[in-house]
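These are the structures, in structure tokens.
Each of the next two complexes has subunit A plus one more chain, namely subunit B in the first and subunit C in the second.
Let's turn to the complex of A and B:
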């Protein structure tokens, strides 16, 4: 049964290669029959990869441990859910999964563009199929999920305990959806270069795809942070770890791209820059996939040590880079800007600075992430740079972004007049100063944190004012009541107002990040009955009393659970139950933290250790001493809230407008098609 | 086009500031990856090497060398070079024992070292947990 999957994998490679060649050739020669064949190859590859993926899942469900991949990531006791997600638990499976998603997106694009963008489509299909073919080559030749071991082990090694977590099962697929979706704008950019049609059309066509990619990437990054927060057990959510950084890199260039396309649409500037940004975003997505899955750079969660793959990926990246650079050079005459920058005080300038800042952050993160490789290559000595490096560069740049988020959307195009500036920024500036002074008097003296809150007030005020102005204008003109007017405001200009919502979410996230400046931490060894107190920066005091320890066996692990009573300013405030879990198969121990969430802070409790756990479990010592680490993490809930708002705002921006008429697939073949163009997804 | 060159100058200035931040940030947070052997060689050339820069040393915990005080969370153990099994360093760490810390396990310690004293670790990481990929030998040893 499972052999079908392997056959399908080989066929997918052949069909993808075939389609890629036909697409490029047919597009050049204008041969419609060949192009059609290339487009149909996309559907075939999708069907074949789906078969392969189902076969892998079937092997997991039937516990076929003769397959090295299944034995490495599953065992008999693993739950059904984690067996299904085994498809993306390891390197080879996740590469198949990546390709599956890409072929799905590719098929969608082909379907969408049956009757439009015909001059782009041969190259779009060919580009996507080339990327697919590359992934197939890696899977088939370097990292085959159907590799059979010389013997059948009685049981598998089981899934790494840290991956047995809800967030960890949805985090990788979400990130992959984001990475792969960026292939579509890239494919359109390549087809624009190849066909020489470098006006804004490739951008407007892929606008919604870019937003879809950005949506998934943002969600994926936030899910990853949530996973790190609850599962890694050190009280933080971002470690500047290579793998985390890798997912951030395409996000940074992608975000820069989302902004700079507006300049091209409105003013015909930055044409070359946009092409470069979309190419960079795609290359960084590939880089991120490969960094996560190759273990080239040491990381807390590097997944593998398969360096063959590293070299194949590096080769692919270099080839893509050279090909893209060559194409851009070939078309260098077509990027002439239609207008020029006129003033520092203009929307164009604000967007430009925004882009420079995003790219600077990207370069700093890329530099820091790859520095162990650079230093080893050039000085023969592996040197790592730590979180202080990233904080030092990125915190000031982040503050500039925070400021620009308030300025960019409301400042005038071309050149702002003093009157325009005063009208738009008097209220926000006043608010910023009021919040800054208020917090300073209230005892917030950390300079960066204070600046963050003041700038957040500035930006949020501009957003609120924008909504208020729009609603009032509509209410007046259309005679609607305020809530209806607000709803229609969203409907009429989803992109703009959705964008504002994303900005508001981002500002709230930033406040959450700034909360780190006020973290409180304590570490204590306690006997049952003893307490520890910790003061929150908000002024109240938590008292935690270690009541008792218990233990019980669960499927594939043994749990040690401490019961800890929490009092807030002397009043009972619930209970926390941090755990230690000892897993049978891998002889590994993990900690499950106890978190008490409030709207403004988390009380975060880690059971760091239990003295003589063996004596306790054999009944000799019923009251074991345990070590606890207590943290108060102010404003962390705001990060999740801000992330949620960002996701909602993106959905508003990319939701298809209501008036789009769906065209059925069974339209008469001979009918001429003067019908309105379909928009987006 | 005087104006356009002004814009260019502003852009260059912004990039310069970023560059400055990067360079100074690097100085504060550089950490060298070494084995105990390599660290010993570096110290011979420059005895204060590991006081000036952070080092990250990967080695093995010597069986029988671990002393951990549950009450004060004071951990002391000896780290030995994995390949040669010769060069050793005494390590001191203040904090809870990492989850999978065991005698004979491979660990990475990060911190600073003053000659003649213990290696003062700011973090102790166990290496094994990060290896997600299984080798064929992992199954063979279980069979027997």
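Let's turn to the complex of A and C:
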């Protein structure tokens, strides 16, 4: 099976290279037969990469430790589920997985467009296949999953303990789905540049793909935060680590793109800007993949093993950058706007400022991430940039975004009149002032937190008013009851109202981030029977009583578990069981935190250490002293809730319109399939 | 493996025994200063991690010594400089606002300002270009035209898209 997988990998490289060349050549010459071959190459590459991936999984399931990759990320006692996820546990397999997803998306695009967008498809197929060929080259020549060791070890090294977590099994695939899906809008942008068709069609064609990419990237980032929160035992969810930052960069430009495309669709403006944004988003996705693997910047998440790969990626990034810049320059005459920006008080300007802020955040994150390298290169001094830098720079920018999120969707196009401004913003402004004052009186004096809650009230009010106005108008015109009118409102314009739901989720996330300003923390050494109390910023008091300690061997690990009773204002509120785990094969001990979740806060318990552990484990001291770190993390659950709402809103926006479904249903079962036609360039 | 677990937990035993984290001479103000100082230092003992979250025993001792420094009346910058003087400048998490570090702070706001200036310049240029062109005179609308306009605007509102 593994030999078949290795052969399939080589064949995938050859077929991807073949398809890429034919796609570009066939598109240029207007040769339908060559383009068809390029498109079919996509299906072949997908089938071949699927074979390779299954072969890698089979090697994991059969514990074939002669393969360096399998021996490095598995061991005999590793659970079946984690053996399957071994495909993306390390650098080598994750590159194959990246390529597999891209080939799947590429095949979907070819299928979707077999009877439309024919002038784009040669270059779309060729671009996707070129990217695939690059990944195949890296895998085959620099990071081969089928590399055999000179001996067969009796057992493998095991999977990194921190990866043995359910969020970690889903976080990388969703992130890769997001990164790779952004290749499709990029391929269409390149295709639009090559074919010279830079009107809105490439944007409307890729609108859903952009949303798909954004959906997966958002979910991937949120899942990563959840993983960090439960697994790393810091009590935090985001640490501005270079690898975390790398995943955020394409998300920021992608979000800016989602907004700016609307200006091109509506007003025919920002054509060049949109092309640049989509190129930047794709390049930043590749940069994220490069950063994770290069080892150039110190990161706790990095799985760099081979710096050769870093240089190959850097070469690819440079080539992409040069080729994209060359194409944009070549077509510079085709970006002429169809209308003009007329006023700062307009939706176009609000969206444009929103874009500038998104790009500024992206730049700040990129600048901070690469500043150690930049400072070393230019000043001979490696200056590190840590989380407090990002917080200080990005929090004000985030607040501007929160404000614009309320302004952008309701301000008038072209030029807002004083009447329009008063009508749309009087209620939200009133609500923001009321919430701000109310919270200040209630004792919330942290300036950024206060501003966040006030702006959140402003933005949420604009959203609620939009829904209310739309529902009321529909109920009046159509004679529907409010819930039905609301449902039909969504059906009528899924993109608009799905977008509002996404905004609402984002606002809730922001409130969750602001909760950090009120974190409470205590550390205490306790004997069984002793208690520690900690006050919540919401006014109640938790009392934690250390009851007992136990230890036992479990599958693939040894566990040490503390049992801690929790009381809230004197009333029983459950039990927490923080753990220390020592995994077999890996010289690592990890912490598993105990979390008591409520709608407004988490009680987060870390077992920092155990005194007299040897005497305890040998049975001499059944009541060991342990050190606990207790945190009350206010509003953290809102981050997960906000993320969920954002995902739901994106799904609403993505859902096909009812009209399209009806048309599809009426289509003849076997419609004649015309030969693909090409528009020569 | 049990031996490994014991080794780690034995190391943590000192942590458990030490644990005088909340000594009597510390006030909320000194604790807040210590927390601020800790939040500006990377851990010398956990590569890639900040001192505030590094789980190692040495990091715990360093945090405790920072709390002691704060209790002795040292300010946040004094504590940070003292720690970096003994451990190395590479553990500074917040770049200095002088020397090469200034570039870390200057560039992000510059990009934002440059972007906003570009938008302002484009709008201003358009206004200047339009200044010489007289606005077309609008004739008063009839009732029928007004009704059609209102209907069209309502339709426009319904059709328009949001992010």
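Observations, loosely collected:
Operating definition for what follows: the second predicted complex is superposed on the first by the 657 of 681 C-alpha atoms of A that agree within 3 Å, B and C clash if a C-alpha of one lies under 4 Å from a C-alpha of the other, contacts with A are read in each partner's own complex, and residues count from 1 in each chain.
Here, a contact is a pair of C-beta atoms (placed from the backbone, for glycine too) under 8 Å apart; a residue touches a chain by one contact, two chains touch by 3 or more.
Since we're looking at a predicted model, the values are computed, not measured.
Aligning the two structures on subunit A places subunit B and subunit C in clashing positions. By the touch criterion defined above, A:47 lies against neither subunit B nor subunit C after alignment on the C-alpha atoms of chain A. Of the two partner chains placed around the shared chain by superposition, subunit B and subunit C are both touched by A:384.
In the superposition on chain A, A:608 makes contact with both subunit B and subunit C. Contacts of A:523 after superposition: both subunit B and subunit C are touched.
When the shared chain is aligned, subunit B and subunit C each come close enough to touch A:340.
Between subunit B and subunit C, it is C that contacts the larger number of residues in subunit A. In the superposed pair of complexes, A:493 makes contact with subunit C only, with no contact to subunit B. With both structures placed on the common chain, the touch criterion links A:364 to subunit B and to subunit C.
In the superposition on chain A, contact is made by A:154 with subunit B only, not with subunit C.
When the shared chain is aligned, subunit C comes close enough to touch A:558, but subunit B does not. Applying the stated touch rule to the two superposed structures, the overlap between the subunit B and subunit C interfaces on subunit A comprises residues 298-300, 340-342, 344, 349, 352-353, 356-357, 360, 363-364, 367, 381-389, 392-393, 397, 523, 525, 580, 589, 591, 608-609, 611, 625, 627.
The touching residues of subunit A, counted against subunit B in their complex, run 68, 71-73, 90-91, 149-151, 153-155, 157, 160, 162-163, 298-306, 340-342, 344, 349, 352-353, 356-357, 360, 363-364, 367, 372, 381-393, 396-397, 523, 525, 580, 588-591, 606, 608-609, 611, 625, 627, 629. Subunit C contributes residues 1-2, 4-6, 8-19, 21-22, 39-40, 42, 47-50, 53, 55, 57, 60, 90-95, 99-101, 103-105, 107-109, 111-112, 115-116, 119-120, 122-123, 126, 154, 158-163 to its touches with subunit A in the complex. Contacts from subunit A toward subunit C in the complex involve residues 232-236, 239, 241, 258-259, 262, 265-266, 298-300, 340-344, 349, 351-353, 356-357, 359-360, 363-364, 367-368, 371, 374-375, 378-379, 381-389, 392-393, 397, 408-409, 413, 470, 473, 492-493, 495-497, 499-500, 502-503, 522-525, 557-558, 560, 580, 582-584, 587, 589, 591, 608-614, 617, 625-627. If you check the complex, the residues on subunit B that touch subunit A are 3-4, 7, 10-11, 14-15, 18, 21-22, 24-26, 28-33, 54, 56, 70-73, 95-97, 99-100, 125, 128-134, 136, 138-140, 142-143.
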